[in-house]
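Read the structure below first, then the notes.
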Amino acid sequence: MIGQDLLGIEFLDREKIELILDTAEKMQEIGTRDVKKVPTLRGRTVVNLFFEPSTRTQTSFEIAGKRLAADVVNFSVSSSSLSKSESLLDTAKTLDAMDPDAVIVRHKVAGVPQRIADVLDAPVINAGDGAHEHPTQALLDMLTVYQEKGRIEGLTVAIIGDIAHSRVARSNIYGFTRLGAEVRVAGPPTMLPPQVEALGVKAYTSLREALDGVDVVMALRIQNERLGGGIFPSVREYSATFGLDRAKLRFARPDAIVMHPGPVNRGVELSHELTDHRPSVILDQVRNGVALRMALLYLIAGRNFPQDQE
Amino acid sequence: MSRVLIRGGRLLDPSVDYDAVADLLIEDDRVVEVGIGLEAENAEIIEAKGKWVAPGFVDLHVHLREPGQEYKEDLASGGRAAVAGGFTSVCCMANTDPVNDDPAVTQYILDRAAKDSPARIFPIAAATRRLAGELMTEMAALKEAGAVAFSDDGKTIMDAWVMRNVLEYSKLVDAAVVIHAEDCGLRADGVVNEGRMSTRLGLPGNPVEAEEIHIARDIRLVRLTGARLHVAHVSSGGSVELIRQAKEDGLSVTAEVTPHHLALTDEITEGFDTSTKMAPPLRTARDVEQLRAALVEGVIDCVATDHAPHAVYEKDVEYTAAPCGVLGLETAFGVVNDMVQQGEIAPLELMRRMSTAPAQIFDLAGGSLQSGAVADVVVLDPEKSWVYDPAEGFSKSRNSPWAGEELKGQVSATLVDGRIVYQAGRGVLAR
Amino acid sequence: MVDLESAEALPAGAGQDGERVVLDDTRIQRALMRIAHEIVESNADLKLLYLVAIPNGGVPLARRLAQNLESLTGNAPRLGILDTTLYRDDLATRGTRPRLRRTEMPSSVDRSLVILVEDVVSTGRTIRAAMDALMDFGRPQSVQVVALVDRGHRELPIKIDYVGKNIPTQPGESVIFRSGPQNESSDEALEVVVQSLVGSDSGLNRSQGVGELT
């Protein structure tokens, strides 16, 4: 995979997903050592190109790169200053001239990582683009579920919340269905995108029906900027109808786990209790994020080499 | 006296339903004779065997950016792109800087065009001042200065009371009001067709209903006022049905469709290439099918390109931030000729939708090859395949979804006022 | 890509035609018993022994060696698994990144007598990588190396302390350590074979089996 972009899960085949998850599992061991660093990417440069601030994802990539001994450079651009002086692709080309071995791109608009990848020699890893994809989040979610349940094939996963505006939802839908899970989405009708069934899921507007017998419940974050956006009446009504607590979780399987990409709006998507305690696995997700991103950097970072002859 | 003899081509003159192999003799700026085996001394000969000879194309909808945004296009480059695409007359929209809402701007455009452009250029003036959708423009003065129609294209007049008054008042100057139909509230921040693709790509969707609601409103206002309405760039099958009904009801409603809405679907937004971003957005295969059928049927009267040049750096931005619009003039024939290749439309009818019909809608000269008609002529090679490279083209901009694509059907020569202004292989010859 | 999967994917015909068994399970067991004796002889404080297997081939060998040592001394030595992939010196120049194997080091190697266990040693590069990796788990008192097979062709100044068998190979030959084909039970039967890949230009590079490129 060296030199290849990771722009989304939609076109990632099962074999590659499994390679990434398998590599991430091996990377987890490094996080348990006293010396949490291996020399693998010594002399390589990883650039965090974040057009939208995201401390969590950026830090996760930064730790991942540093644990592999890469030099990690954070390059934050505010979109407003960008549009004035130079075009998006100019920024990307400027960056490319500095010969990075991987560029991590985060942007609030769908498709930007793709456009940047089109002009860059270095491989691009999408760290979240608008409501399009967030492949590393989905991969770490899959790793978390795999390690909790021992499998993904045959599981039922319910994703709850603002599906229409969620890149996490899209990437997880592609990932879990590709690995043989059944995926359901649920939320108020204003939060379900048109023709969402075309993505291979069943859509529900009843939380109870959506949760019936599921193995995994994934709550999505309600973005603050949506609060006044007119697509739901109030936080109170949202948390009453789609917020999760122990009582509503009883519709799911008794051994169901609860996930959330973070940061949680406590008392909105998840009750305080569910945020902090089993069956929620939110901190495992965060921990797995580092190993997963180490795996990706290991597999991807580097400029295109001639294909290995062996 | 200058003479041009176009010899041996398939003559397609929709104004008299003429479709046969014949020669066409032009003297100075007029067609003088159509016939078999014509001879003429001292005439420049254009051999047109295997080619089509038709009235020059008329485009009711282009953006030539002058005055104000000459880095995108100007009347010279736009005029050259027009004749390279077989267009002898183009009508430029009012969203220039300053807006063409004042007779001085109209006059400026016409003066510059007369000097710079090999194609005829007809300004469409704004319907409301500064395109703000509030106060109507001085239509009489604008008409007097040379405006051929009125439109706030690019924007929609959202206030129905304002729109009603614009329509009422337009009857005074007997000119069509051209609408860009898009309900801004319903469109919200939508940039691609709402549906499977917007869901997949995570881009904000713009539903067909945003267009259809507005067309429905304005058709009712036409019923109320009796004015002439021309619907720009129809993009959905639902809009076609509304226009069909209006025509059946005897209302004075005409419509155009762009080559891109006839040929492309929202599937090509896949790679987030901003050259696929336009307003209204590309729709589904079903809409394309209905639009093509409507053009064949005549429910949609004509093809118009909505030629909308933008600089490379303006399009090299986020999909949501990129300006809407694509180039259209130089690729139009190569794109719509596919309908002839697929057997959907007869060559004569396609020529009607590109010349005779649009000329009639705005009462423009052209659209005929009859003796005495103005000698605006296009010679086309319908079987010639070529690869479009915007960098080699005549527009200043490059924002085309057909960049690098092979098209079948090429313009061989374009004549304006009896002068050869474009010839394949020789380029633009006048001005 | 050099890894376990591609090695197993060698065409059966190619494997069997030009192939001879140089060590069968009995002789491997004999060699490992001899090596156990040598280890006991050469190391004073046997409680400090820490066998570190280099996967995949080193793992079954280390396990047997540990059994042998236990039967000789009554004490089972500590046993760890150390993947050297992330420490390889050729990662920058390869077109693909090799699949990782698991690392399981149950405790620090501080002050211990580490015995690295590898199936086939040739260039010495894997042992070099293993020593680097080892240092991330502490400061051993000493490091020694067991190799079931030493093929020669050393490229780095690496000394093997305990050798099962020296098998000098010709160009076009490869040495493969694997679980024997007859074995279906959980108790693996091991063997070492030499394959002649006539007509192949990559004989030396193909010296993998259960083990890793040496």
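Order of writing sets the chain letters: A, B and C. Residues in each chain are counted from 1.
The rule we apply is simple: a residue touches a chain if its C-beta (ideal position, glycine included) is under 8 Å from a C-beta of that chain, and two chains touch if they have at least 3 such contacts.
Worth saying up front: this structure is predicted, and the values here are computed from it rather than measured.
Peer 1: Quick one: do these chains touch in a line, a ring, a star, all-to-all (complete), or other?
Peer 2: Its topology is that of a line.
Peer 1: Which chain has its Cα centroid closest to the overall Cα centroid?
Peer 2: That would be chain A.
Peer 1: From the centre of subunit B, which other chain's Cα mean sits the farthest off?
Peer 2: For subunit B, the chain whose C-alpha mean is farthest off is C.
Peer 1: In angstrom, rounded to a whole number, how far apart do the mean CA points of subunit A and subunit B lie?
Peer 2: 45
Peer 1: Just curious, how far off is subunit C from subunit A if you go by their C-alpha centres, in Å?
Peer 2: 39
Peer 1: Report, in whole Å, the distance between the mean C-alpha point of subunit B and the mean C-alpha point of subunit C.
Peer 2: 74
Peer 1: Write out the stretch or stretches of subunit A touching subunit C in their complex.
Peer 2: 1-2, 19, 22-23, 26-27, 29-30, 33-35, 37-40, 43-44, 68, 298-299, 302, 305-310
Peer 1: Which bits of subunit B are touching subunit A when the two form their complex?
Peer 2: Those residues of subunit B that touch subunit A are 194-196, 198-203, 205, 271-273, 313-314, 316-321.
Peer 1: Subunit A touches which residues of subunit C in the complex?
Peer 2: Subunit C residues touching subunit A: 1-2, 6, 83, 86-87, 91-97, 99-104, 108, 132-133, 136-138, 202, 205.
Peer 1: Where on subunit A does subunit B make contact in their complex?
Peer 2: Against subunit B, subunit A makes touches at 10, 79, 83, 87-90, 107, 109-112, 114-115, 118, 129-133, 164, 167, 170, 193-196, 198-199.
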